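In the two assemblies presented below, chain A is common to both, partnered first by chain B and then by chain C.
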Partner chain A sequence: MQRTSNQASDTKRWSAGALVFAALAVVGGMSNAYVISLLTIVLLFTFMGQSWNLMLGIGGQLSIGHALFVGIGAYAVAILNIKYGVTPWIGLLLGAVIAGFVGAVLAWLSFRFEVRGIYFALLTIAAAEFVRIMFGGWDYVGGMQGLFYQAPSGAMDLGMLRGDARFYYFVALALAAIGVAGTELISRSYWGYVWRAMRDDDEAARALGVRTFRHKVLVVSISAATAAIGGGVLGLVQGAIFPDSIMGMAISVDVLIGPVVGGLGTAFGPLVGSMAAIPLHHAMGALGDALGLPGLNSVAYGAVLILVVWFLPDGIWPSIVRLYGATQLPARGRIPQLRKVEE
Partner chain B sequence: MTALLEVKNLTRAFVGLVAVNDVSFSLQAGRITALIGPNGAGKTTCFNLVAGALRPTAGQVLFEGRSLEREPPEAVCRMGIARTFQIVRPMTDMSVLENAMVGAFSWTTNVKEAREKAYESLENVGLAGKANARTDQLTLPDRKMLEMAKALSTRPKLLLLDEVMAGLRPTEAAGVVGVLHRLAEGGLTILLVEHVMRIVMEVASTVVVLHHGAKIAEGKPSEVVANPAVLESYLGAGFHA
Partner chain C sequence: MLSLWLNVIAGGVLIGLVYGLVALGLTIIFGVMRVVNFAHGEMVVFGIYIGYWTVRIWDVPIVLAAAIAAVVMFVFGYLLETLVVKRFVNRPHHYQFIVFIGLSLLFSGVLLMSFGPDPRPTASQLSFQTVSVGPLTLDWARIQAAATAGLLIAALGAYLKYSAFGRSLRGAANNRLGGLVVGLNIPRVYAVTFGIGTACAGVAGALISPLFDAQPYLAVDFTLLAFVTVIVGGLGSFGGALLGGLTIGVAEAIAALMFTPSMKTALPYALLIIILIFRPRGFFGAKDI
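Our next item is the complex of A and B:
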């Protein structure tokens, strides 16, 4: 009988998700240019946050260098499109393949030589910084001067993924919806179960026949590939890419703040977290500029992170769910994924 | 009778200590064998060598004639040997049913099939009613049963149980004994590492006794308890029954 109640809550969850995205579509039809462009960024980071969430929230592997994969995606699209006039669709695909490969190699080498947990996370930062600096000195990819897309004519062109701000809003919305639905589907698939098992207890998972090594490489690779797709679109939205802006530490932090604030390992967490954190970041940035206090946005980020980790250690979304009496969620003291990484 | 698992001259040395020294025994298919001995006898080391969690210094472990002492634990599991841990290790973020499902994913990628197998395993150990509970809501005996259900979901031919009765009250242990008998009747081969002699007498058809890493006796429970070497290892020299 409890099986049917699970099905009922499944239906409820999917309907709630559909409702949220329908509402967001309506918002996109009504809002002004500023709100649209801000929400586009929020939704893109929701998608990239999902890819990061897949890796830590479900697979148990921490990355603090996701900017590497975001940057690979952005550069793949930009180089092919700007230099060779190739459609961004192919650039997105190629970027995803390259990033997935880079992620797999990074993970394979690290886990092969027992570099795990927080040490693996440090390695991801090092890899991201290495590539960022390398791109800064590489003329073919534009060096520090970066790469600029042609200013959009304003006419919508789905084949070349060009259009106005509202067009990109709906592209980002579609990606975010895919991210949320994909996380939900993966988390209830074979991969999801096996990944959560290895996240919770690697040794016990292996004793149950889970080939944790290949699954760790796989989850990092899939996370990298999807992050690259988000990065490719982010570059198009911004109209120009520079190593420091698309591959810097700030991007890595922006990617992870959504899931951490919103709720690790959940399908909705990254959306809720990005909605809360990124507009605040922008507002504080504007306020800081007005007051002549640059860096106020970073202080605000830090404060939000501290407050959330202190008062809502599971993130905002699980706390809301628990408030409404859902009891399936396990009681947690701290973010269990991070606790596992610390061990 | 055929031997499902053969342990030949198994030795494992740690720095300055030979934990398992030249131990040989074999497990008969469909029987319950117990590995016993006083504290520090090398039982758990021997168990971990068979489960692939440790590499032997010397010797062989043959399962259905295949050598497995160089295989990693996940490969050993996929060959048909499932184990439990002495300290229960539920995946705390997953429900009881989901925990039991993980084992099934060693032979299927179909979620529905895994769920059905998990229910079956939970029924086998009497936990089906708590399938949707969180693991932190389970009592200790239930957690021990969950460990067993997880292992059973892998469809093992051989089940390795590391002190499943430890910490259980006599009535709870009796429940476990009932489950073990039922599993053995169903054709499962079981190797039991156990500290409590009394329980071993009830379930095992063969007992292997380790002392200071070496095998000192092997046989039926009634024979082994009458063996002076065994009594001496448990109770000290000079004790004679």
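Our next item is the complex of A and C:
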């Protein structure tokens, strides 16, 4: 009985997800250039938000330096493509491998020495800032002048991942769909259960025979690799990359705002959160420019983050789910409660 | 050559005392409240603007500007704690972190809106005066800043050690529940602690306002610098913050001399990574968090 009702709600959830993405595809077919370019960014950050979400929402590790992995991906694609004419597909793969390796090394080094919690978060941002400054002074990667892709001819070329804005919209849409479906699949796989167990209580998980150290390295590495794929596409969409624009603190904030606003640890949260926060950021930026108040978008972001954690600590999406009816989504609709690690 | 090195190291020590004061603010807040104030750099930048405007408008000596910054920032910190931070003290660390990232975005946005993105070089004469002692030639502004910061650190240390409030603060830091049991007014202790921590950052900002161009974008650098300093010394440790400040100040000065200027900016991060990996609790590390 229980089983059938779960299956029914499963089918419902998957078809709801498919419906949302089908609707987004239709939107992409009809909208004007501005909406398309904005939604492309939203969907890319949905995908990268999913990778961040995997790490904190499911794995329990806070990163505030995800820009590092995003930047590694973007630079891998750009260097191979601009300097050697290699297809971005290889660049994406290589970027993911390098970022996954860097993530694994960072995680391995820090968890081995019991660097956890906020110390790990600080380590991620220190690594991101260090690499950003180094890239700024490194001529091979373009230094502060950055790297520029050739202006697109407009012709679609799937092999070289080049095309017009609408083409990139569908690439981003595919990535976002993969991200949402992937999070859903991972969170109910063996790994998903292990990671949530380790997030909720490290020692209890270890007592049950979970090798938490290994799994922490694994979750950070997977998260880093996927963030790099998003970064590689983001670089292609932007047409040029600079250390400050692709590896700066602002990227790390853009990555984390979707899952935080939308709902940590949920599959749909990052999509909902990015849809809400990033257009707001752009609108406030435009309004600020019009009024001559350059910091308005930053104020809006800050206020959103504080208000969401204050009043909706679970995020927007779980609240919508709860409104829709708590009975519809039992067990899996529950939101992770991350405990404060007391001294 | 030797005198060049001596000058550089002396300059590093002087600025290191100011970094120590910034770090002290962060570490007091963390040690007592166990919250990680990621908006600390914004407090320093508020201080820089206070220093900039008071000197510019009233032409007051920099020490008086620092006193004004102390009062203003103490009140600001006290209010911020009672109105906002208080609600997140018992939340998980990552939520706190996100709230403080939000505060940091909010404040730097407000700074940008109020003063614009362009750097404002300080117009005061103080920026150019130097003092010669033997082989050393030092900025007068730097000496004043360092002396004031050093005195303040000592005074704060004595206050926390000997005064009644200092005792209750340390009690709250050691054992929050125990403090409540013996009747400490924990909310007030927390608010005052946050005020003191913020005031430290503000004073440090006002003191270095003749040395740095006032600019909103400095905030993130100062936040991370404060974290580096604090972690080098160990989060939550008083002496560690001071030692960390001196280490970072000197290391930065030497790096700027030996390598390119971009190395100077990257060095604190490299140090942070190395120390986090090999000595995660710093030199005088606090307990696990």
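Following the convention adopted for this analysis, the second predicted complex is superposed on the first by the 326 of 343 C-alpha atoms of A that agree within 3 Å, B and C clash if a C-alpha of one lies under 4 Å from a C-alpha of the other, contacts with A are read in each partner's own complex, and residues count from 1 in each chain.
Going forward, a contact is a pair of C-beta atoms (placed from the backbone, for glycine too) under 8 Å apart; a residue touches a chain by one contact, two chains touch by 3 or more.
None of these values were measured; they are calculated from a predicted model.
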Superposed partners chain B and chain C on chain A - clash or fit: fit
Chain B versus chain C as contact partner of A:200, first or second or both or neither: first
Which superposed partner A:298 touches (first chain B, second chain C, both, neither): second
Touching partner for A:141 - first (chain B), second (chain C), both, neither: neither
In the superposition, chain B vs chain C on chain A residues touched: C
Partner chain in contact with A:190 - chain B first, chain C second, else both or neither: first
Contacts of A:211 with chain B and chain C, given as first, second, both or neither: first
Which of chain B and chain C A:27 touches, first, second, both or neither: neither
Superposed model, angle subtended at chain A by chain C and chain B (C-alpha, nearest 10 degrees): 80
Shortest span in Å between Cα atoms of chain B and of chain C, once chain A is used as the common reference: 14
Footprint overlap on chain A, where chain B in one structure and chain C in the other make contact: none
Residues of chain B defined as touching chain A within the complex: 51, 53, 72-74, 77-78, 82-83, 85, 89, 91-95, 98, 101-103, 105-107, 109-111, 114, 131-132, 134, 136, 150-151, 153-154
Chain C to chain A touching residues, read off their complex: 34, 36, 84, 87-88, 90-95, 97-99, 101-113, 116-117, 216, 220, 224, 227-228, 231, 260, 262-263, 265-266, 269-270, 272-273, 276-278, 280, 287-289
For the chain A and chain B complex, residues of the former touching the latter: 2, 6, 188-190, 193-194, 196-197, 199-201, 203-212, 265, 328, 330-331, 336
Chain C-facing residues of chain A, complex: 56, 62, 64, 109-110, 113-115, 117-119, 121-123, 125-127, 129-130, 133-134, 136-137, 249, 253, 256, 260, 288, 293-306, 309-310, 313, 338-341, 343
